[in-house]
Every structure is written in C-alpha cells, then in structure tokens.
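Look at the two complexes coming up: chain A is in both, with chain B in one and chain C in the other.
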Partner chain A sequence: MNLMYVPAIAMVAIFMIYPLVQGVGLAFTNWDGYSPTKAFVGFDNFARLFNDKTFLTALINTLIYGVGCTVLQQIIGLALAVALDGAGRSKAFARALIYLPVLVSPVVMSMMYYFLFQYDRGALNDILVALGFDRIAWLSTGPGTVTIVVLINTLQFVGISMVIYLAGLQGIGQEINEAAEVDGARGLRLFRSITLPLLRPAIISSMIINLIGGLKLYDVVQVLTGGGPGYSSHSVSTLIARSYFGQQAAGYASAMGVALFVLIAVVSIFLVTRMDRTGKDI
Partner chain B sequence: MATTIAPQRTTSARVRRTSRIGQLGRWTFIAIAVITQVTPFYLALTTAFKPITDTTSLWLPPLSGGTLDNFSTAWNSGHLEWALENGLIVTVVSTALTCIVGAMAAYPLARRSTKLNRFVSLLILGMLMVPPLSILVPLYTMLAQLGLLNTYISLSLVLTTIQLPLAVFLFTQFMRTLPLSLEEAAAIDGAGLTTTFLRIVLPSLKPVIATVVILTSTNVWNEFAMSSYILNQPEVRTLAPAAASFFGSQGNNIGAAAAAALIGLLPILIAYLFLQKYFVKGALAGAEK
Partner chain C sequence: MKLSRNTTRAAIAAFGVAALLISATGCDRGTSASSSSEVQFFLNGGPDTPQYKEMTDLIAKFKAEKGITVNMTAASTDYEDQMKVKLASGDIPDVFTTHGWSLLRYSKFLEPLTNRSWASKVNPGLNSAMRDSDGNIYAFPGAFDTAGIAYNKDVLDKAGIDPATITTWDAFNNAAAAVAAKGSTPIFSSGKAQGPAGHIADYLAADTFTDSQLTQMKQGTFVDSAYAKVLDRVKSWQSKGWFNKDYSSASEDDMAHALANGTAAFEIYNNSILASARTYNPNANVGFIPLPPTNGSTPYLIGGEGVDSFGVSKTSKHKDDALAFLDFLAQPDNAAALAEANGAAAGLVNVKVDFGKLTSSFDKYVTSGSTPVKPYFDRVYLPNGSWNTMVATTDSVISGQSDVAGAVAQMKNQFATLYGQK
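For the complex of A and B:
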C-alpha cells in the first residue's frame, strides 16, 4: 500500500528537495550560471548578503510585504466578514465581488492597477487634476512603490481572509451570541470578549497563509515595477531572479534562495507550533 | 402598567436608532469595499475598448465610440491564441497529474498511521514552505542540462510538484472521514488493492476532487514566475507571461495590455460565474491546515 505514495515522493524529491540541496551547495560557490567551472568560496556569499545594501533593502521590503499585507488583510478581512455576515442577496453579491480578485492572476491584477497609478492618464491623477491638484508620480519613489505593492497584494487577497472569518463567525453560532447578550455584552464588548477569542484558530490559519504568501511575493513587484525605481522595491524573490538572469551571479542568487527559505521556514514553524498549542488549550 | 411599558419603549427606540446608524455605516463600508475591488476591472475595460487616439480620462467609457483594435493587437502581436492553448495544455496536464498522484499518495497516508507515514505526510506538507524562487537557480540549470526547457511536460511536472502538498493534504483529510466498512467488505470479497482503490475509494472522492481541481487549475493558469522562466519562447509561453510581455518589451501599449489582461481573466471569470460556491469551498479547505 505504501508504494502508492512513491510517485508523489519521487516528484517532490526531484523537483524540490534535490534543487533545494543543490542550491545550498551552489551557495558556497562563485558559479556564474553557465560556465563548466566553479570555485568553492566558503561562506563568502553569505557574508556578502549582510553587507549588500541591495539585498538588505530587498529583505526589509520582503518583511514589509509579508507583515504589512498580513496585518492589513486580517483587519480589513475581519471587518468585511462582520459587515457581510448573514443571509441576503445583496450581501451574497457583495461577497462575490470582493472575493473576485482572489481568482485573478496577480500579473493581470498588477496590470489593471497600473491604470490607476500611472502618471499620465492615471485614474487617480485624473481625480487629483479634476480637484485642482498637481499630478503625483505614484511609482517614482521607493517607499511609495512599496506601499502600493502592499496595497495591491492586500486588496487582491483580502477575500481569502474574509471567507475564513465568515466561516469562523458561522462556527460561533447564534446561541453563544445570545447567551452573551443576556449577560449584558453587546456591540464592541461582545466582539472583543466573545467573538475575537473564539476566532483565534481562524485568525492564526489566515495569518499563516497570508504571511507565507507575502514573504514569497514575486509577481506584483516583477510586473508593476521590475524592482524599481532603482532597486528600491525588490523583494528577495525578484532579486534572486535578477541576480541570476541579469547579473550571472548564480552562486550568490542561490545564497539568497537559502536565506529566503530559512526565513519562511522559521516563521511558519513558529506560527504552526503556536496554532497547535492554542488547539490544545481549547 | 403604563410605567413599566414606557421605559421599555425608550430602550427599544434607542436600540432601533443606533442599529439604523449601524446599518448605514455597515453599508457605506460595504459600498466602499465593493467599489475599490471593482475599480481595476472597470479601468481595464475602459482602457481596452478605447482607441489609442482617445485620450479622455479612463474613468469615462469610450464616448467617441469603442474599438476592438486593442484586442486584435493583443491577439496577433502578443500571440494570445498560442498562449491560451499553451496555458490550457499545462493546466489540464498539471491538474490531472495533481489529482492522480495526490489521491494515490493520500490513500496509504490516510489509512495507515505508521511512524514512517506520518513522517512522509509532514515532509510533503513541509514543501509548502519552499518559495519557488529559492529553488529557481538549480531547477533551471537541471532542466537546461536535460534539454527540457520550453517543453510542456517540464513545466507541468514542476507546477504539479508545487501543487501536490496542498492536494495530498486535502485528499488525506477527506479520506479519513470515509467509513472503512466498504473497503473491508471489498477485501473480504477478494478485491485487491488496485480494485479497491479504483472502484471504492476513488468514486467517493468526488467532492474533494472538485475542490482540488478548482484550486489547482486556477493556480496553474495564473502562475507566472516558474512559467516565465521554464517556457520562455513565444511559441510555448503561457498566459500570464504573455500578458506581462505587454509591459516592457513592446513599450507601454496600455490599450493592448488591458485587452490582454481581460482575455486572460475571461476563462476564470466564466468558471467563477458557474462554480462560485466551489471556489469559496476551495479557499476554505486550504485554510484548514
């Protein structure tokens, strides 16, 4: 019977574990990505990471993308779930529209948002001009671009958090809410002392999904800005591709890959163990 | 009597008034959220249907008459017909492989909880943490050395592997809820493992197969990073990379870019229209890990 998982294990071994292990090996070399020779350089690539302003910017951006999107998605997603909980055609319609961007390719989503933020004929600038203000070059500064990337990714995937919280709210059930109301809890108080604690498992699983997604972020940055202006909006993922294909720094790009994997592994293991513990509490 | 009724009335009136303000706030918030989410789609529509000469604001519909020029530019110079076909091939192959390999792997993992099998489960699920870009360099090198770049099968295998952890997890969870009695009865009747799996287990997986198919096919159809590097020639390119090519190499022909974006999302939109509840079920199933 165990033979049945051999194909799955083989695929994972060939296309994930083997490249992962080989990536660790390459990270200790100065390989350029095409020549047959490469030299062992020890920890040079890893030491270089900590002195490389470009990489550190990308690392900080990656954390901003991961944490920023996660926090915003939980707040907006929870607010939407509370507002849209319950039956009714107009609520169902609103839920369907808010969820829609989840299904769209991030590439397509970024292209469509470009029409909002572009300088000439940008929809946002048209509003500013109509109101008598000057145009703003939204995508011309590092911090501005990073903020816009966070916003786009948040709005695209906020629907996932919303449906997770909607399911969580339905799980709480009417009896608990009514019992709490009899005891005098209402409005914000009910929300804080009953709803929020009971949603804790939903909050943690939603956060894990959003955080891992945000830390892996590639598409939006690559399409909307290409990492620019300069290198100011790169995530680690886009910088890896840039270093490998643009600068033939395969060894160095592998070191970044290892660093990114370690970062995501540490964060997810931390969150998953927390989830297990809360599961036992209940 | 009258004295007891009066205070009750004021309380209910007050509750009614606050709830009316609450309702107004709630629906204002919902309206803002919906408008925000729909705006990019609306702007893509107006951009795509306006001729290049029409430089009016993108908020306005094409008042001087719409055009399909942008769509024909996208279709012809972006080779979207190839991209749709390539995307369809890779999506169908990857989705089928993910379902078959995933369901097969899940069966022993769901039915035999040995130490080895728990380790295998954890190993497969742990692959969710691997960012695709972190294995890009070795993976690309390996495929290049094997001469497998720009082949449908290599991208399909890579994307199947990326989708497998979630699929195996969903199948395992679902199989654990199935009663053992049917499989035991089949075993008593002398059915082997293959017969039991094909005749008894597989047919009862229909609901979870629907979930896996929807999750996998949208993810593969929308995939960009791996697709753009492994299939980098225009002849084999899939949809997301083809749409993205309108930003950059061809300058910024935003009309054609918008048309390409709309063509790319049309298949998903149609599927969502008919299968909405399965899509949401898929998202929830993925969250319960």
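For the complex of A and C:
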C-alpha cells in the first residue's frame, strides 16, 4: 500500500471535496447563513437563477471579465513577448517590470487604481484639472466601471501571458525560423505562418489561466465599486458574497456558486481538450 | 493511471479520517470558542474610529479596576459578514456588538440581560427595538441612535438658509436648490460604502407608508406604490443633479470630509457621521434637523438601538466576566464617554452626555423629547436580510443605473423571497 498518497488525498478531501459537497448541499436549502436550522427547498434556488435579472447581469459581466481580460492579455502579452524576446539588460529589466504587478496583491493593486480613478483627490482627475479640464466621474456608470475593471485586471496579469509566450517563443528552434526564411517567409508572414501556429500550446495554456482567473474575478470589483453602481459591475463571485452575507441567502448564493463552478468546469474542460488535441497535432 | 486496491483503500481511509476530523471540529458548534481566560470582544468599528479609541481606554480602565482582560478585535465594514460566519461556525465571541439587531437577529445567541442593574434604566424609546414580547432585553445600549438630516451650517448660511426652517420637503428642496446655486453640493452620499443609500430610503420610508400599508407590510404584502413614492423623491433629487458627482466612488470617509470641510450641505445618514466630521475638523459647524414629514404633520427623527450596543454570548465560557464588563460599560461615566464617541444620545436615562458643538441640535430635538422618533423602517417592516437590497436598489436610482419601477420590483422580489424564508 502506498501511504504516500494519504496526506495529499486527506488535504484534497478536507479543503476541496468537503467544502464542495457542503456547498452543493447548501444550494438545496434556504439557509440564511448563520442560523442553526435550514430547510430543504429542492431545486428552487436553481430555478430562481433563471429569473433573477441581477444574476443575469453578473453572469454577463463575468463573461465580459473572463473573455475581455483573456483576449486583451493574449494580444498585449504576445506583443510584449515578441518585443522583449532575446537577451539584453534592458529587455530583462522591461520583462521584470511588466511581471512585477503579478506579485502584488490584487486588493492592494485595486486600491491603488481606486486612488487613481477617484473623483476628488484622484490622480487622473487632478491631472485633468491641472490641464484645464473638468473632473470625470470615472466609476459612475456600469459599462464604464466594467471597462475599467477589465483594463485593471488585464494590466495586472498581462505579465503571466508574456512569460508563457516568452517560454513558447524560446521553445521554437532557430532552425525552423531559418528554414522558413530560406523559403521566403519573413516579418509578418513568418510570424503568422510559423511562429503563431507553433505557439498554440502556449496560447491555450495562457488562455486557460487567464480565463479561469477572469471568470472568478472578485478582488478588483469588490475594492473598486463593491459591485456598484447598483448591481451593474458585479461579477458572479461578488454577487455570491453579497447574497450569502448581505441578503442572508446562503442557499441561493450556493446555487450561484454551483452555476459558476459548472461554467468554469465546462470552459476548462473544453480548453484542456483543445490543448490535448493541439498537442497531439504538433 | 490505475490505482491498486491498497491505494484505493488508503484513499478511502484518508477520506474517512478527514470526514471524522471535520465532524469533530463541527461538534463544538454553538459553543463560545474562546478557551483563554480573556474575554473575547468583537467590536463593530475600525481602529481609526472614535468608538474604538474610547473603548480601548475603557478596557484598560476595566482591567485596572477588576483585573479582567478583555481582548478586543476590531472589524470595520465587514463586521456583519464576519459575525455571521462566527455564528454559523460556533466561534462566537464572549461579547459582541449587536448594532441594532440584538432582538431580531442575535437574541437566540445572546444571554438575556433583563436582570442586570442597569436594565431598568434603558431609555423606554428603545423598548420596541430591543425588548421581546416578554420584556427581555439582550444587549446593553451604549447609544440611543437618533438620526435625521445632518447639515453644515456654514454652507447653509452662504445660501441664506436657516436649517430650523426646513420643516417640509418643499422647504428642503428650496434649500437644496439654493445651495446648488451657490456651487456647493446639496446632498452628499456614498455608493461605495454600501450603506448610506439605504439610509436615505430607510429614513424616508418611515413616514411615507400609511398605517394600513404598514400593516400590510407586516403581514407579508409588499406595498410597491408606497415604496415607489420613496424612490420617486430620491429620483427627483438625482434628476436635479443634487447628489455629489462622485457619488459612486465616494467613501464614508469622503462623506465625513464633505461635512467637515463645508463642501456639502446635507447628508441623510446617522449622527455618527457628525462625530467623524468633527474628528477631521473640530471646528466644523455641523448639526442635524429632523426629517420633514410625508404622511404625518410633524418632522420626525429616526431612532433605535445604536451601533454601540453589546451583548454576551449565552454559550460564553467567561459569562460572569463578560457580564461584569457590560455592567462596567453601563456605569454612567463610561456610558457617557461611549455615547459621546459615537455622537449619539445615551441608551440609559441616567447618563448625561456632552454633545459639544452638537448640543443645540440634541437639546432641541432629542433631549427635549419634542420630536417624535420613528423606528428604522427595515428593522420593523422588512424581513431580516432586506437591507442589502434596499441599499443596492436606492444606489441604482441615485447612480441612474435603474429607474424607480425597476428598483421597486427588485425590492418586492427580495421581500417575497425573504418573507418566504421566515
């Protein structure tokens, strides 16, 4: 018997499987989150999800956060990786600088951005006023706030994509590029026909990491707006917290959690399957 | 990879051990978790608040007098969430803040305090909020929370407005228009703080529903026409641009700054904002007036159990020490210091409070007893758990993210859901 498995399995059981099972169980109750009693309500909480406009808003926002951040991070991350690929002190310094925000807590980073976007005493508005313009209420509309959240999250975590693409670029043998050049491929054509296809495993890896991070986004939204104005910038994660504690609907919040879990699982399985197939192709 | 039979058994055994461990830790549910000899105290107030500073001094004084150590943990905006987690997990502090909910939310977790020497001196105005049908009380009221419309007198003076004349909503609207004409912000609130918007709706609702509508609410029927009137008033202020431009990103601190620095005229919020404003500017010329009536004929204040109210867990292992601590807080000098730090009236009738620059407002409207005090609307007429939706829906009207009909529909839906859980 291989006892070496036991600690790992016990940890997974305590910290992952047990909470997951408990969470799914709660989704079938009307628990308020703190009382000693709870009643079984069947699938009521799941049925309610389909008629809840707030949940729909949060779900759409979550998809925007997930897909928006992922797309931007791929484009910017790849561009940075291509620009900063190779040796040289300045390139190494630039790479470190771009990766640095990844190491900062998202809460701290969000607070810094909050100070940037604040109406009064905010750095951006102070600059606008110094240049003779009026202040702008950056966080006063839903679409505006969602856009700002996407940009903040993208800028913080673009370093991860850059590093993955750098690893991918450095994995492409020089001889492949030379062979392509001999065949007449150069510049954009070389990038499009040779580099990009060979980066497909890196693209899929980067997309999975960014997509899951985006779909679970909590910190930036919570710190920047708390889901406001109204409910307009909530992600499913922040709405779960709001429903669980604020609205004392722990059962319903758990149903949202299960829905988010299924969404992330489906997306992840789809992408992992794609990666597996892509890997075999290559 | 194929697991061998032994490995599968080991996995099942590990899972079983984990389940047992988790069950064992769950067995303590409902029992106060503190096992040290110190009294564990969970305070609803961040370390930068006047309440925290005052309480720190009182705890040191209590230690010197009784030799009992009170270990205070400060929470801030997430107090309620953290407290719910503690209740759900059985990790209940010996003493904790009940912030207005000693009866409706926390009484089943609290030791009845009816037989304490100070209990008979609790202000009768708090009876409906703090005593159950048998007359039991579950918390020491460190403050009798009264609230109306906070104002900065300097801003109103510049606009030629005497706050004492604001006894109708028309007068309030005229004052707001005059303030706006002078370039100041008529009404300052905070969307980011996730609370102040709810206070606006809560205070207005207290006098917008008729008696029969209030009865319907208590019986579980949401009267959307009356609630729409509340939000219509908020919407009219929003349409005129009377709220601060940075409403969505402004914090509660910004609210205090605005009053302290004289950049805003009114804030419809509890009086603790006045105490905070005075910490930023001790000379701030601030005060409060009652809310103009909507259905009734006289202006009214909102009141009830204050934020600084404290209960003792009925499962506390240090119950005697915890009760001694509450008795200590209830001593007139100590209770007065707490109420002053909170900028509120005392919860006990034998306690005299020095309100400083707020004395004239308190004397005129609170101490004299001339102004009727209405309870917080949500605590009496909405099911427990509605507050957050009240905040978010009012917030969505102020920020223009929702129309009144949409916000009312959302409240109605939440009301029905929570009422069904009761």
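FYI, the second predicted complex is superposed on the first by the 278 of 282 C-alpha atoms of A that agree within 3 Å, B and C clash if a C-alpha of one lies under 4 Å from a C-alpha of the other, contacts with A are read in each partner's own complex, and residues count from 1 in each chain.
Note that a residue touches a chain if its C-beta (ideal position, glycine included) is under 8 Å from a C-beta of that chain, and two chains touch if they have at least 3 such contacts.
Treat the numbers as computed from the prediction; the structure is a model and nothing was measured.
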{"item": "Which of chain B and chain C A:104 touches, first, second, both or neither", "value": "first"}
{"item": "Which superposed partner A:216 touches (first chain B, second chain C, both, neither)", "value": "first"}
{"item": "First (chain B), second (chain C), both or neither touched by A:5", "value": "both"}
{"item": "Touched partner set for A:20, first chain B, second chain C, both or neither", "value": "first"}
{"item": "First, second, both or neither for A:258, with chain B first and chain C second", "value": "first"}
{"item": "Partner chain(s) touched by A:74 [first = chain B, second = chain C, both, neither]", "value": "neither"}
{"item": "First, second, both or neither for A:225, with chain B first and chain C second", "value": "second"}
{"item": "Partner chain(s) touched by A:195 [first = chain B, second = chain C, both, neither]", "value": "neither"}
{"item": "Chain B versus chain C as contact partner of A:154, first or second or both or neither", "value": "neither"}
{"item": "Which partner, chain B or chain C, touches more chain A residues", "value": "B"}
{"item": "Chain B and chain C contact sites that coincide on chain A, given as residue numbers", "value": "1-2, 5, 7, 9, 14, 18, 33, 114, 118, 122, 226, 241, 245"}
{"item": "Chain A residues within the chain B interface of the complex", "value": "1-2, 4-5, 7-9, 11-12, 14-16, 18-20, 22-23, 26, 33, 76, 79-80, 83-84, 91, 94, 96-109, 111-116, 118, 121-123, 126-127, 155, 159-160, 163-164, 167, 202, 205-206, 209, 212, 215-216, 218-219, 222-223, 226, 236-238, 240-241, 244-245, 250, 253-254, 256-258, 260-261, 264-265, 268"}
{"item": "In the complex, chain A residues that touch chain C", "value": "1-3, 5-7, 9-10, 13-14, 17-18, 30, 32-36, 48, 53-54, 114, 117-120, 122, 135, 137-142, 145, 225-232, 241-242, 245-249, 252"}
{"item": "Of all residues in chain C, those that touch chain A in their complex", "value": "4, 6-7, 9-11, 13-15, 17-19, 21-22, 29-30, 80-81, 83-85, 87-88, 108, 191-192, 194, 245-250, 254, 384-389, 392-393, 395-396, 398-402, 410, 414, 417-418, 420-421"}
{"item": "Chain A partner contacts - residues on chain B that touch it in the complex", "value": "26, 29-30, 33-34, 36-41, 43-44, 47, 55, 57-59, 101-102, 104-109, 111-112, 116-117, 120, 123-124, 127-142, 157-158, 160-162, 164-165, 168, 193, 197, 218, 221-225, 229, 239-241, 243-244, 246-248, 254, 257-258, 260-261, 264-265, 268-269, 272, 276, 279-280, 283-284, 286-289"}
